[in-house]
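These are the structures, in structure tokens.
Common to both upcoming complexes is chain A, partnered first by chain B, then by chain C.
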Partner chain A sequence: MEWNCWKMLKGINMSFLLEFKGLICCSEMGPSSSGKTQVCLRTASNVARNHMVLYLDTGNSFSPQRIAYFLGKTISPSSAQAKNQFLQKVMSNISCHSVFDIFAMFDVLHQLESYLRCQDGRGGCQMRLLIVDSISSLISPVLGSSSTLGRALMTSAGYLLKKLAHQHNLAVLIINHTVGGEGGSSKPALGDSWKCIPHSRLFLSCDRGSNTYNVSILRHPSMASGKAARFVI
Partner chain B sequence: MEIWRLPISASQRGKLISAGYTSLSSLSSISSSDLARELNVSESEAMNILKVASHSRGSETSNASCSIVEGAQSAWDMLHDEESLMHITTSSADLDNILGGGIHCKEVTEIGGVPGIGKTQLGIQIAVNVQIPNDFGGLGGKAIYIDTEGSFMVERAFQIAEACIEDMSEYNRFLRKDFQECKIKMQPQDILENIFYFRICSYTEQIALINYLDKFLSEHKDVKVIVVDSVTFHFRQDFDDMALRTRVLSGMALKLMNLAKRFSLAVVLLNQVTTKHTEASFQLALALGDSWSHTCTNRIVLYWNGNERYAYIDKSPSLRSASAAYSVTARGIRNSSSSCKRIKMM
Partner chain C sequence: MGSHAKAWLVEDESAREMLDRVLTERPFLLLPPLHRVPLRVGNVVELAGPSSSSKTHILIQAAITCILPKLWKGVSYGGLGHSAMFIDLDCRFDVLRFSELLNQRIMEAANGSSSKVGCHQKDSEAQFARMKPYNEELFALCMKRFLYIRCYDSSEFLATLKTLHYRLQKEREVHGVNVHLLLIDSIGAFHWVDRGSSSFPLEYDNRKSWHLQNVSEAVVQEIRRLLLVHPMLVMATKAVVLGNKYSTNELTNYRKWSAVDNPYSRNITSDQQLPYREYMPAAWQSFVTHRILVRATDDDLVNGEHQNNSIYLLEWLLPPLNSLDKFTVRDTGVFILS
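Coming up: the complex of A and B.
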């Protein structure tokens, strides 16, 4: 199942289209305040019109006000009651859960798996998008100590997310951070072991002076890496 | 193998695996005393392991029909909850405007700036302002002040508390001039009594305190703000193992987020600055590195612009980037344009 999620997101200023396949696990990374959460909120508000969305939030940064704002901009001006009904219908499709450690996230993913197994049997509004904001805050407290448990948890989390994406036709959007690398350049957090887990990776950055944001592809199964686009929030 | 999924310590996990318990179902039919004997641990530890295992097993099989996941809330409900959340005012109307009403509850706000810009003053002001009663538009709650640098001065807090009460009575007089003047019953001593002060002398104490706050907050449910001044101090000097520092800091940030969400309070972390060397130029950036900068919900940077103090919203999920001027006066944090007493309109 394919849909042009990014086309809905950015509107006009994109020079190319990114396609989210139904089973892709996509990881976004960028330095602090480069717009990652805003991109997630925007994607969630777009997908929630027709499908259900689960948002796993580690930093209390899920803002229903922002989602209402994004939705309000897209519908034509009508009566306040009709707008209210529309907001209620769409926003009830988004569920937000706060997770504060990696074991809680595993619990949530297992519950989600059993829910999706039942969901596949019936029709109606189905869950199509899972957003994890952000996975590096969950994994950094356990990664790097003398035991290898941290890395094991990280890879199992990655494979569980990929399994969910593949078996239940779910799109998974993961937020990662960047940390300082050698020579002052930034590199993605969580290291090389995490690099091979997502299917596609995007890098976001912000140009403070002109308040525009850049997104560039680092890895994608069907599009060339290195393509970039700019957008404004 | 499902044992690795349980949130227990590594040594307990190792003992379980070497004793042959590799999946959750193998723990379902054993009693805690047998388990304690087999693993050579105390009975309370064994009971803890069994409790954690049965909780994980229970959450796997339960299939809540009303929500996808236990504890998830829909965005529509959250929107309504957010509208009823109060903010903590900073006593400067310009600053409150860019913050969308003040410091938000249920979020972790990091405030950083150069020395002398007024971070501690802002921290004390917030600890006093959270106690403004509901009638005057405040939260009417208590405050926890965690001091790592020793910069909390009680006399200054008394001064700010007095000024706050004077402002409240002036507001009272202004608004209710037709009715009987109801005297403000609060005294500066009451305000100081409602600030719980902790003095931290090392980073282990800091970690221990954050872990202890869970129990403290369950006993004192009316605490509405936690101010940590400053979160950087014990992590800057003499920390050899940088990887340990990152782990400890991210774990601490997650615990504070958890506290903010569960007890519906605001967490304010004060940070220092450091110089960052990028592409042959030196820039001031907030301390503790890149990985820390991602962990808080909002970030406010305080800086000098000429002779004026400014605050700039660097990172926020729902606020626009903006800056506002403020000043530090004898009465606390106030707007910068006024040099005389101003009634704070709420």
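Coming up: the complex of A and C.
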């Protein structure tokens, strides 16, 4: 994947981001097979070199082979043993949990909160990235138009993620889907109440029949929306 | 006895003196882009708008105008020189963006005054270099006047409001300036959580149950009490969902669809119906004295090579003015177009 284009969108390059901001809650959305999971895996592999990553997987899309492939492309050719050691070290920094409903996610996040509270202050490898792939499959089943409990759960989940991001210096990356809107256009899932929760929102899409993907900013605290970039996997 | 009674009738000050005193202590604020209606302490302004319509930017602009001094080392900054309190319920405040905007305002004011003097190139550079430590000192002074609190749920918000009086008193003693502005980012942030939790009854009967109406009434009561002791201008943002007629599909911007019909060409009649569904309880609705609606348009303002700033529309709902203001957000803050 060509990551030079990311430099255009300053603040999206995750390792650069973590040095400066450290607490962004970023929501990515796009139609199916628009590269969202690939972006997550690539980001996880980048960050896991030096920090710990927690990956919450709702659809069994986490692939260690893909991460090993991304890492293998970037390390210089050396002995197989050194390569293995490097791979082991980086892979041990990523922990993946499968969650299939929203209450399991709350469970994992509360455990993470108590773990981080003990870890804070100690040196060593700190957790810096939390990836939720994807939040729409957790929240959509509870979101009905008549009941208010679904939206209350969605808002509490959002605030818990923001609290974790702020108090423990995490960057949170959330995947959302798109659904059909009026006139055949697509709009992000989870409705307008979700729009108020993430700090920044990105839209990913891919061109049919080619490997090029597009990303554009829908909302960012300090950049104008509408900026776009293209990348290939 | 007669002399004592007569002493009661002697006046403290005449009406003109009182008006002079009140106008200097509690001036009218004309904050762009809210310059159409002068605001005073004691007013409660509600900025409603859909997501990402620059409401927080308007609050930041007001805060910066409040914390900048009027005159500092010979340069006029046009601020009020008071403190501002920002209660962040949305928890999305970007302090880097805030400091950027503050720096830009300081530099703009400093450069504006130096160019008025009409010095040569070398002189202006030397003057700018000399001003750099001044700017940092001024920046630090302004940031000290900006107070920030973040709340993650309604109980934290209520606890903050109940203890805010002591905090503001302490700040007044330390800095010697009053807090003039209370900014609440997203007063409706905990609306769904409070609505959901009202279905869980408390065990004991002597406490009030946690209903949405009770929470809202308590918030309004606490802010009213606070305004009695610390007169402030209250500005709150509220995220709303506009009807279909007004919604902009943000994804069409990306796909460069041309809008077939212009939803903003409606005639502004004197209808009092709100264009969005009001979800705040009646206690808050009756507390608000001014109401504004902000929304983003589909138009972009091409400004330089890569800068594409969206244009926003601002409409006064209370008091109802038949005008739409256009503005855009730049590096120096909110910039009014028309």
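Here is the rule we go by: the second predicted complex is superposed on the first by the 212 of 233 C-alpha atoms of A that agree within 3 Å, B and C clash if a C-alpha of one lies under 4 Å from a C-alpha of the other, contacts with A are read in each partner's own complex, and residues count from 1 in each chain.
Note that in this section a residue touches a chain if its C-beta (ideal position, glycine included) is under 8 Å from a C-beta of that chain, and two chains touch if they have at least 3 such contacts.
From a predicted model like this one, the values you see are computed outputs, not experimental measurements.
K.L.:
Would you sort A:Asp192 into first (chain B), second (chain C), both or neither based on which partner it touches?
P.N.:
A:Asp192 sits against chain C, while chain B stays out of touch.
K.L.:
Taking the superposition as given, does A:Cys125 touch the first partner, chain B, the second, chain C, both, or neither?
P.N.:
neither
K.L.:
Which chain, chain B or chain C, ends up touching more residues of chain A in the combined arrangement?
P.N.:
Touching more of chain A: B.
K.L.:
Using the touch definition from the top, say if A:Leu87 reaches chain B (first), chain C (second), both or neither.
P.N.:
first
K.L.:
Just to be sure I read the superposition right, which of the two partners does A:Leu153 touch: chain B = first, chain C = second, or both, or neither?
P.N.:
So A:Leu153 meets both chain B and chain C here.
K.L.:
On the A-aligned overlay, A:Ile75 touches which partner chain: chain B = first, chain C = second, or both, or neither?
P.N.:
After superposing on A, A:Ile75 lies clear of both chain B and chain C.
K.L.:
Of the partners chain B and chain C, which touch A:Gln65 in the superposed model: first, second, both, neither?
P.N.:
The answer is first: A:Gln65 touches chain B but not chain C.
K.L.:
So in the superposed three-chain picture, is A:Val179 touching just chain B, just chain C, both, or none of them (first/second/both/neither)?
P.N.:
After superposition on chain A, A:Val179 lies in contact with chain B alone.
K.L.:
Which chain A residues come up in both lists, the one for chain B and the one for chain C?
P.N.:
149, 152-153, 156, 186
K.L.:
Residues of chain C touching chain A in their complex?
P.N.:
Contacts found on chain C: 50-52, 90-92, 94, 96-97, 100, 150, 152-153, 186, 189-190, 192-193, 195-197, 199, 239, 241, 244, 249-254, 257, 300, 306-310.
K.L.:
Name, in rising order, each residue of chain A that touches chain C in their complex.
P.N.:
So the residues of chain A touching chain C come out as 20-21, 148-149, 151-156, 159, 162-163, 166, 181-182, 185-187, 192-193, 195-196, 199, 203, 216, 218-219, 221-222, 224-228.
K.L.:
What part of chain A is in contact with chain B in the complex they form?
P.N.:
Touching chain B: residues 31-33, 37-38, 41, 48, 52, 54-55, 58-68, 87-88, 91-98, 100-101, 103, 106-108, 110-112, 114-115, 118, 127, 134, 136-138, 140-145, 147, 149, 152-153, 156, 177-180, 184, 186, 189, 211 of chain A.
K.L.:
Write out the stretch or stretches of chain B touching chain A in their complex.
P.N.:
4-7, 10, 13, 56, 59-64, 67-76, 78-79, 82, 106-108, 243-244, 246-248, 250-251, 253-255, 257-258, 260-261, 277-279, 289-291, 293-297, 299, 314-315, 317-318, 321
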